[in-house]
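We just call them A, B, C and D in the order they show up, numbering each chain from 1.
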Amino acid sequence: MTARLAITGLMKRFGGVVATDNVTLDFAPGSLTAIIGPNGAGKTTFFNLITGKLKPDGGEIRLDGVDISGQTQSEIVRRGIGRAFQVASIFPRFTVEDALTAAVLTHRQQTSSMLRRFPLPDAASRAREIMALVGLERVGKTPSRYLSHGDQKLLDIALALALEPKVLLLDEPTAGMGPEERWQMIERVQRLWSEVGMTLVFIEHDMDIVFKIAQTIRVLRYGKVLAEGTPDEIRSNEAVIEAYLGTSLEEPA
Amino acid sequence: MNPEALLACLTTPACIVTQVSAGMIIGMLIFLVASGVTLIFGVLKVVNFTHGSFYMLGVYFALTAYGLTGSYAVSLLAGAIGVGLFGVVFERFFMSKVYNADVLMQLLVCYAFILILDDVVKTVWGGDFLKMGMPEEFALPPIKVWDGFVPPFYAFLTVFAVLIAVLVAALLGLTRFGKIVRAAAVNRQMVSVLGINTSLVYALIFGLGSVLAGLAGALAAPVRSAVPGMGFDILIESFIVTVIGGMGSMGGAFIAAIGIGLIRSFGTIGFPLATEGVMFAIMAIVLLIKPTGLFGRRAA
Amino acid sequence: MTDNAAPGAPQLSVRGIDVFYGASQILFGVDLMVERGTTVALLGRNGAGKSTTFKAIAGVVPPRSGTVSMNGQDITGLAPYRIARRGIGYVPEDRQIFPEHSVEDNLTIAAKPGLDGQVHWTLERIWKVFPALQSMRTRMGGRLSGGEQQMLTIARALMGNPDVVLLDEPSEGLAPIIVTQIAKLIGELRAEGVTILLAEQNMHFCIAVASSVAIIDKGQIVYRGTVAELKQNQEITKRYLAV
Amino acid sequence: MTARLEVLAGVVLGALVVALTLAFGDKALLDVLMRLAIFGLLALSLNILVGYTGLVSFGHAMFFGLGAYSFGLLMQSGAVSIPSAALITLVVACIWGGVVGTFCIRLDDIYFSFLTLAFQMLLYSIIIGWVSLTGGDQGLMGGIPRPPFLGINLAEPRQLFVLIVVVFVVCVLAIRQIVQSPFGFALRMIRDNAERARFLGLPVQRYKLIAFVLSGFFGSVSGILMSLYVSGAYPNFAFWSMSGDAIFMIILGGLTVFLGPLVGAAVFLLLNDNITRLTEHHGIVMGVVLLAIVLGMRKGFLDVLDEWWQARASRAEARAGGDRQ
């Protein structure tokens, strides 16, 4: 089986610091993968490289066999890599429905019309489908800035879905949520993944969530791939445990 | 257009001296105002659109002080300190309320003050042109340079402005206060966490920027007529200078101001109708090639 | 400040603080006590709320409810500079060196007397404790290595002669040998009588330098104890710190 | 459907105003309504940038002045009819908008404001400086000829009034259509979060430029109407204070509601006329009013109403939505 997203030898340096160090990872079509690692492991940088926000210094990023490294963000988006952000990036004064309709129109390149009326019916119905998919119908007419934090993050994901991505990258989907909200969020994400059948990659700190839903886990540390495997394999991996607990030091004299 | 006249001037030492000295005072006045704009912008990240009005206040304060005391030194102080205090009050009670609001609100607060200050000046000093005349201290024979003559006041103004520039540069570059200011410009929060009252730093910087505008006004008083609304032209010119030099860059403002001053001065001979156009053209070219200005850093 | 009087009432106490970023709640009723002269470690994985706790104490992100007090005085919600003047020195996780200031300028900007009006930390004393910094006193902050920057940030906090230093993840992203150095340094500071609240992911680092620990997970304190107790408790470390 | 209703409502309302005014109104009312239409259109056109795209232009009067001068000069040349002069003027305004806009949209926030202001002052200085063409600070002298065309004689005040109202209604409907179109919503996306819009694949810079040109286009229409109304063109049309007034109108009425700027223009003209009559301290009073709005309400009248309405609506929805599980 060929990989949907195949990353080979990816490199990124900031000044003297190597933030992404020869990362090689494959993501199979329809897989659900968690990326974990201690702070400064280079997880968000890794996403920024895939989505074209940062230009890699070396290596390849292949989506369905086509190398997309070095392309602009909008080209990469159009090719089918969507992304939701760590801090929800939304349109504060749009209602949920309008925001999604506008996103669908943008994706379909139908925003240039000045003669027709917003919302165009088929875009609006697509927007409602997406709302139903992520469970935002109940707040469809609410301006985004009045949404709860969790719903804002859902909307951010929904905006990414409007682009009909083959691969969806979620950067800490549960960041800043209370315990219950987290599980609601993660259930939605999981349902979304199973219903749409896309390739989902998420960064997450909450280990309970990671081990509960991820099929495979990739551990980054200092910009390198430290380990990859099933939850069980990762749980018993000494190197990973050490990465989290830190190396022993000599007792200071 | 009169390229022959310009060529003729450029080949006559006397004309060069006259035009350069005239250009230098234009440039130095613009620089003093622009340096205030750029200093405030560099640290506080707001553009003080009222800075031209501050310059105007400086002119009027100086006029009044001169009328009362007959001393030009006192009127310089009155312009600088009066406007400086006004600037601090303006920053504390008005501008600081809209630091976190969007640009529109900042713009409107400034616009309101432009309206108010022009009207206040008209009420207090009247709407007619007022002149200070050349202070007695400078009623001296012109200085002969090369083949031309430079009015002593022009020489004083230029030297004085350069001195101020050096002093401000030293204050910002060498003193602990200056180091704190530069640190606050980069990372206000960290400076605050170190126990420094950054609101006070902001007020002081706004005050210093205002002092520079007031000083420019007081320096201009002997060579410019005072009239309500006079601040606007210099606001635009100082903006052009800040854009060309790079927002936040004092050195850039200094060089660009001299350039603009010389263009205006020589332009009145060679292309009197197009001097403004040339200024804007230069600004447009600079923006096209380097949007952050000649010496500007990348905007955050 | 250097008197080794018996630890009595907590010098820094945090009671039940809730902290929000916009609409999202990060901390849920966090309590912490730091007694004079001790080193307390706040352990937790990333995203657990360690940095937010520190920011709340330092006044950068004021808590929505709960109190922070220092030497018995309520400092909740004060401006950061006022909190600093009450004796709190903050070493942020991302260090926040002034990149275009020299090492020495980074330090002199921060100089202020302590609560007792005395200057315990002079440049000379800093140079003695951090000889590496002295040798690069004119170098720009932005051109230091990660470990050097970490040293500089700690030194910068000391220049304000604080009663309590908040050290946010001093070992993060540093090579093991540097981490050992930093641990040694913290030991020295402790010997000098500096009270330290330390945030860490690195359990071994904490064990090496701290006397007591609190573990934070998902914005709540889930464990409290001495270092010795923590060493015994494999289950807790596995659950809240490892994978 | 709703679009047609709006057109119908606009036409009916316009016709009603015209009929009633012509039937009962005196010249003073005619004047007030014509000024309201002209300044209302100026403010509405600026709001395409300020309210919908989030670009605070402080140089919008450049289009007002450009429209008035270009149209006035063409008419004074005697070579063209009113419609062709208007057409040529609008082409000129679009070219100017395209060129100036290309520079301005490269910059964000306050830089954008300042640069638009600077370009406006360039135009102003050309008007003041090029005395032989523009009459300098005296303005276009000798009036603007208004030869009849298509049976319309604009020298007749009532016919001029009808024309101004008709053009105003057409422009308002056009602007309304633009801001309600997919394009208009793309502009709102840029206003709300340009970075995210770009990430969704929107060519943000191109859209900003188009918005800039459109705003300039309608701004110069109001300039043309102004020169017809006063039969002249004056440098203050292109002066910064005119831009300031237009922004003032927007903020008075509110920038998030479509007709806010029009309401603002009405309030502004009312304030302006009465203050001028009552006191010499026009600037002080206007400045204080502005400060009170900015520092007190922090938004316009209609914005306050709109926010209240939206908040109410979403509370109602939250109640109706009941349990969020």
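Assume a residue touches a chain if its C-beta (ideal position, glycine included) is under 8 Å from a C-beta of that chain, and two chains touch if they have at least 3 such contacts.
All values derive from a computational prediction rather than experimental measurement.
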| item | value |
| --- | --- |
| Label of the chain whose CA centroid is most distant from the centroid of chain B | A |
| Centre distance in Å when chain B and chain D are each reduced to the mean of their C-alpha atoms | 33 |
| Distance from the mean Cα position of chain D to that of chain C, given in whole angstrom | 56 |
| Chain A and chain B, separation of their C-alpha mean positions in angstrom | 50 |
| Numbers and ranges of chain A residues touching at least 2 other chains | 148 |
| Multi-chain contact residues (two or more partners), chain C | none |
| Of all residues in chain D, the ones touching two or more other chains | none |
| Contact graph of the chains (line, ring, star, complete, other) | ring |
| Pairs of chains, among all present, that meet the touch criterion | A-C, A-D, B-C, B-D |
| List of chain C residues in touch with chain B within their complex | 58-60, 79-81, 84-85, 90, 92, 96, 98-101, 105, 108-110, 112, 156, 160 |
| Contacting residues of chain B [partner chain D, same complex] | 46-47, 94, 97-98, 101-109, 111-116, 118-120, 122-123, 232, 236, 239-240, 243, 247, 273-274, 276-277, 280, 283-284, 287-288, 291, 299 |
| Touching residues on chain D, where the partner in the complex is chain B | 50, 56, 58, 103, 106-111, 113-115, 117-119, 121-122, 125-126, 129-130, 240, 244, 247-248, 251, 280-284, 286-288, 290-291, 293-295, 298 |
| Residue ranges of chain A in contact with chain C within the complex | 16-17, 36, 38-40, 147-149, 152, 172, 175-179, 182, 205-207, 210-211, 219, 222, 234-235, 237, 240-241, 244-253 |
| In the complex with chain A, residue positions of chain D that touch it | 2-3, 177-178, 180-186, 188-189, 191-193, 195-203, 207, 256, 310-311, 313-314, 317-318, 321, 324-325 |
